[in-house]
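What follows is a group of structures, each given as structure tokens.
Two complexes are shown next, each including chain A; its partner changes from chain B in the first to chain C in the second.
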Partner chain A sequence: MKNLKRIFIYTFLSLAALVSIFPFLWMLVSITNKSVDVTQGRLIPGTHLIENMKTLFATVDIVPALANSAIIAVITTVLTLLLASLAGYGFEIHRSKGKDIVFNILLLSMMIPFAAIMVPLYRMFGSISDTAPLIGIDSLGAVILPTATTAFFIFFFRQNTKMFPKDLVEAGRIDGLSEIGVFFRIYMPTMKTTYAAAAIITFMNSWNNYLWPLVILQSPEKRTIPLLISNLGSSYSPDYGVIMSAIVIATLPTALVFFLMQKHFVAGMMGSVKG
Partner chain B sequence: MNQPSSDKSKLDLPVSLRYKETKREKTGVFFKKKVGWLFVIVSVIAITIFNFYPMVQAFLLSFQSGMGGNLEYTGLDNWQRLFSDPTFIAALTNTSIYLLIQVPLMIVLALIFSVLLNDPKLKFRGFFRIAIFLPCVTSLVAYSVIFKYLFGVDGIINQFLLNFGFISETINFLADPFWAKVVIILAITWRWTGYNMIFYLAALQNVDKSIYEAARIDGANAFQQFFQITIPMLKPIILFTSITSTIGTLQIFDEIVNITNGGPGNATISISQYIYNLSFEFTPDFGYASTVSYVIVILVVILSIIQFRVAGEKK
Partner chain C sequence: MKKVYLMLVLLVGLAVLAACSSGDEEANSGSGSEGSSGTDSITAWAWDPAFNIAALEKAKEAYDGDVEVKIIENAQDDIIQKLNTGLSSGTTKGMPNIVLIEDYRAQSFLQAYPDAFHPLTDVINSDDFADYKIATTSFDGEQYGLPFDSGVAGLYVRTDYLEEAGYTPEDLTDITWDEYIEIGKKVKEATGKNMLTLDPNDLGQIRMMIQTNGSWYVDEDGSTPNLEGNESLAKAFETYKKMMDADIGKIVSDWSQFVGAFNSGDVASVPTGNWITPSIKQAEDQSGKWAVVPMPRLDMEGAVNASNLGGSSWYVLNVDGKEEAADFMLQTFGSNADLYQTLVKDIGALGTYSAAAEGDAYAVEDEFFGGQQLLTDLSTWTDEIPGVNYGLHTYAIEDILVTGMQDYLNGTELATVLENVQSQAEAQLK
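And now, the complex of A and B:
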């Protein structure tokens, strides 16, 4: 009876693991096969990897798309981390009734569905396109701005600041640091792991963001990686080997981040609920 | 309005960590208040501009109508149009189906995985955890495209089912109104179950093992332990994950567009996709699109309140 139960559990978990991993295996095998082999369901690695990569780089503008995504993700991450940690620190360390009210109002914005504000945002960026083309429609700036300020990460930093030893603030003040100095010289270095966790989540979100770039970006040379893949995926005569190669390349950065920084990644997810 | 914070800091913190006021601070109270606002002001302004202001704009737009930039107030016309608009009704129905089937399915699966994987005697625990979590590293667009190919007419799922004799001829999953929805639900579940599992696993670490021992001594079997200890202990985190999943599924867009593009017909179209189509695919009708988008807002608010009530009632 006990053995039966164990067999059942292992079978169940193995099946779940197989289902979870299978699309990855298929993807990795497919980049080494010809398009025809992929459609025939070939699950054995082939020898077409180099050809697929060559075709990909020759026929698809994947390099500019990677560059656009990287620029957007890096700037978004830096901006988010800076603004959200400043605010989270301010709300917690310089706590006051007024700020608590403002904080709670900001939290409400977490419930706003993006679909509900995308039209007004689009019109807003449209109206400044002529005066400020760098943050107008079809600019990377317009992709970054609305996504770089989220109440979620302010909340995240505030939660984590609760663990920050407040005595350090006092020590900094006694050493003659300004309030801003305390933040940059003491808080930031102490909270490295919190920053790492937030950076991973922000980077991944930004790298994978689809709807807003789809709305605001128009010219093909501004396309980000998700837009490019979506485009490849909807083509009428798809070259599966090439498309899979593009998907693998697009997934590599986030997969790497995950495997190298697993602990921070999980800490980042947890940081959003604890406290 | 601004009070020194010492009396407010009744957080669940040990006394040593609580905010203490010093003499120097008291003298600098005025300055301190001001400088505190400096830390938060940029974020407050940015969130107001990029979240709250557009929310108000969308509300105003929902009473306007017209093509492109030529909008004029038409009162409740848009809101009335909702009820007689078959595409909206299809989008609302589909989104509700995704929500009602996918969120419970995923949460139950994630709970089962987390309970099984929390057993320290289980072998290959680390491998199972990573395997089940792995789908979370993919971008929504990338995995959607992969699912589209997997479930294509000549896709690998059809070949598998054919080879093993489960079906006698291929199923055109994505061209069938029923199967297309099933594929969407399977896809979202594949992508997010591991994500939710991680939350439960972390929460389970904090559950006192002696409770289970006491229950075992009292003769409670695994199922009773699951329903009478695990579920109640994890209630806050289950609530958290069901709210985030509900809000996420209500806004589902990437998967629909990239797996089925709403088809066949409007069999899989979601509310978000309909809003996008109204604004950017068809002749832009920003007014009506905003009305539809407010339906999501209302649903998010109502469902969040219900979930809070349900979770709170047995306290």
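And now, the complex of A and C:
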């Protein structure tokens, strides 16, 4: 009886796992097939892998696009972690009535969809393009700035800071640390898992970000990976084998980041400081 | 200790600045000429490297001027998003000089951003192009677009399947959709293959049908929905349902399934725009088994055996460098018949510049299509396409029609369905 139950559970779980992993399997199989085979739904690995990769590297500049995506994602992640944790720390440790109002306004800003602020943002960046080309239209800086920190991550850090023992701050102060010192030497190391979770989410968001880079970046040499893939699918006769190859390459970094930090991620989502 | 932290913060700040500025150096070398000076280089946006981009490259080769032309490839949906954001923000920063816009969408761009486009009325001669393209590329009496590729539609047929059922391509030439359905039933009986693919979310089929009778989703004015009481549309809906009832359609749900269906030999015919030719030819083993015949027409008085699906045109934006951009357009797509010969020969891109059809390149016999002079045939049909004003709302109305079609297929009376979609469209497009 017990065995039967176990068999049932395992069959069910295997099926569920298969369903969720199937798109990935198909993607991996497709990079070894010709475009014609992909459209016909062939599920057996083929022999076209090397040709697909060759065509991919010959027809599109995938390496610069990967580099652009990496630069943007890393800087965005560092900035978000630093700014959002400083803000979250400030909101939770140094409390006052005024700050709560500011915090509520911040939370409200989470309700506004990005599409609604896109046109004004574009206008803003357009107006500073001539005076500050570093962050004007068609610069990587302009991609990073609007996402450099978001209300969500400030909220995320504040929530997690609630579990941070405030006695540690007092102890630090008594031992002669400055406020900045308390933050960097006591808060940061204690909240390691929260930082890890936030880092994964920010990195993935930034890596997959499509809409804003799309409208703000104009030169082909500044394209990020999602823009490049979108381009690949634009033709009247798309080469699906090549597109799939590009998607696999684009998926690897996020998958890698996730697997490396998976342990911390789960802990971070559950709350950083135990006990 | 404090100094250490200060240093740390400074370092991070520096790193950020450095990264931004290195990105910017690329900007200066890459596209420094955009906007400000504007006269030494112009940019053009288009989609599809094998088709429009390749055509631009050929045009650039043929162009004999001092201005450098930068060709930038973007997906079509991406171009729409970028144009909409850029133009509605009111800055011309980052906008291209030349952009390709699909004909179905052109009118809404021209109406929404009237000052954003540079009129070409005095630059090109609109009589030089296929008539049906002019209505969609002009607005308020001004010619804005330079008509580019022809979306002339043809019925691509598998001659081997037809033969099995006892038909030749001649039997499918100049027929009505009703006759097509009858043939389809026989073909399915004989070969077990479906006659065509049907995508319930893409009513291109309906669009092609109603244009054979010079009708569209909107009235002449381009904005009043013309659905209820539109006899051509009613007829097209009935025909679509007949196809479903006759069970001769293979249902597909996206582009890759559509291409997959004919590449794998699952359907006996593909009624669509001529730009599908490269995709058909992708299945090399089917060489010699295809032919292209004129589009079937609606079984109505006045309908012709010629229609259109898709097609796009070039537009010059009203930004610095517009004169240079207009000049580039005139010298290339606007007057160079030889360029169009190169385009059909090397790319298979069929233009709508009338003088070009005379050339040798159009007369070439295509072995894939059993030695048919495909390009000559297609350009002949191009001249017969009834001109309609696609208006402002093609895709918005189509979204409404897709649900209407589902209701109709599920048994709702046609009159009721058309009444519903009409009132929905009127409410939504006010």
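By definition in this document, the second predicted complex is superposed on the first by the 239 of 275 C-alpha atoms of A that agree within 3 Å, B and C clash if a C-alpha of one lies under 4 Å from a C-alpha of the other, contacts with A are read in each partner's own complex, and residues count from 1 in each chain.
One rule holds for everything that comes next: a residue touches a chain if its C-beta (ideal position, glycine included) is under 8 Å from a C-beta of that chain, and two chains touch if they have at least 3 such contacts.
Predicted, not measured: the structure shown is a model, and the values here were computed from it.
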| item | value |
| --- | --- |
| Partners on chain A (chain B, chain C) - clash or fit | clash |
| Partner chain(s) touched by A:Val119 [first = chain B, second = chain C, both, neither] | both |
| Touching partner for A:Ile31 - first (chain B), second (chain C), both, neither | neither |
| First, second, both or neither for A:Lys222, with chain B first and chain C second | second |
| First (chain B), second (chain C), both or neither touched by A:Val242 | neither |
| Partner chain(s) touched by A:Thr254 [first = chain B, second = chain C, both, neither] | first |
| If touched residues of chain A are counted for chain B and for chain C, the larger one | B |
| Which superposed partner A:Thr39 touches (first chain B, second chain C, both, neither) | both |
| Chain B versus chain C as contact partner of A:Leu83, first or second or both or neither | first |
| Partner chain in contact with A:Ser234 - chain B first, chain C second, else both or neither | both |
| Touching partner for A:Ala197 - first (chain B), second (chain C), both, neither | neither |
| Chain B clash site on chain C (candidates 2-10, 20-28, 200-208 or 416-424) | 200-208 |
| Contacts on chain A seen with chain B and repeated with chain C across the two complexes | 38-41, 118-120, 122-123, 180, 211, 214-215, 230, 233-234, 240 |
| Chain A-touching residues of chain C, taken from the complex the two chains share | 1-2, 5, 8, 12, 15-17, 19-21, 23-24, 26-28, 30-31, 34, 36, 43, 47-51, 72-78, 81-82, 85-86, 88-91, 93-94, 96, 255-257, 259-260, 263-264, 275-276, 278-279, 282-283 |
| Interfacial residue positions of chain A with respect to chain C in the complex | 35-36, 38-41, 59, 68, 71, 75, 78-79, 82, 118-120, 122-123, 126-127, 129-130, 133-141, 144, 177-178, 180-181, 184, 211, 214-216, 218-222, 227, 230-231, 233-238, 240 |
| Interface residues, chain B side, partner chain A - complex | 1-5, 8-9, 11-13, 17-20, 22, 24-25, 32-33, 35-40, 42-44, 46-47, 50-55, 57-58, 61, 113, 116-117, 122-123, 127-128, 131-132, 134-150, 154-156, 159-160, 190, 194-195, 198-199, 202, 237, 240, 247, 250-251, 253-254, 257-258, 261, 271-272, 275-276, 279-280, 286, 289-290, 293-294, 296-297, 300-301, 304 |
| List of chain A residues in touch with chain B within their complex | 9-10, 12-13, 16-17, 19-21, 23-24, 26-27, 38-41, 43, 83-84, 86-87, 89-91, 93-100, 102-103, 106, 109, 111-124, 145-146, 148-151, 154, 162, 165-166, 170, 173-174, 179-180, 183, 204, 207-208, 210-211, 214-215, 225-226, 229-230, 232-234, 240, 243, 247, 250-251, 254-255, 258, 266, 269-270, 273, 275 |
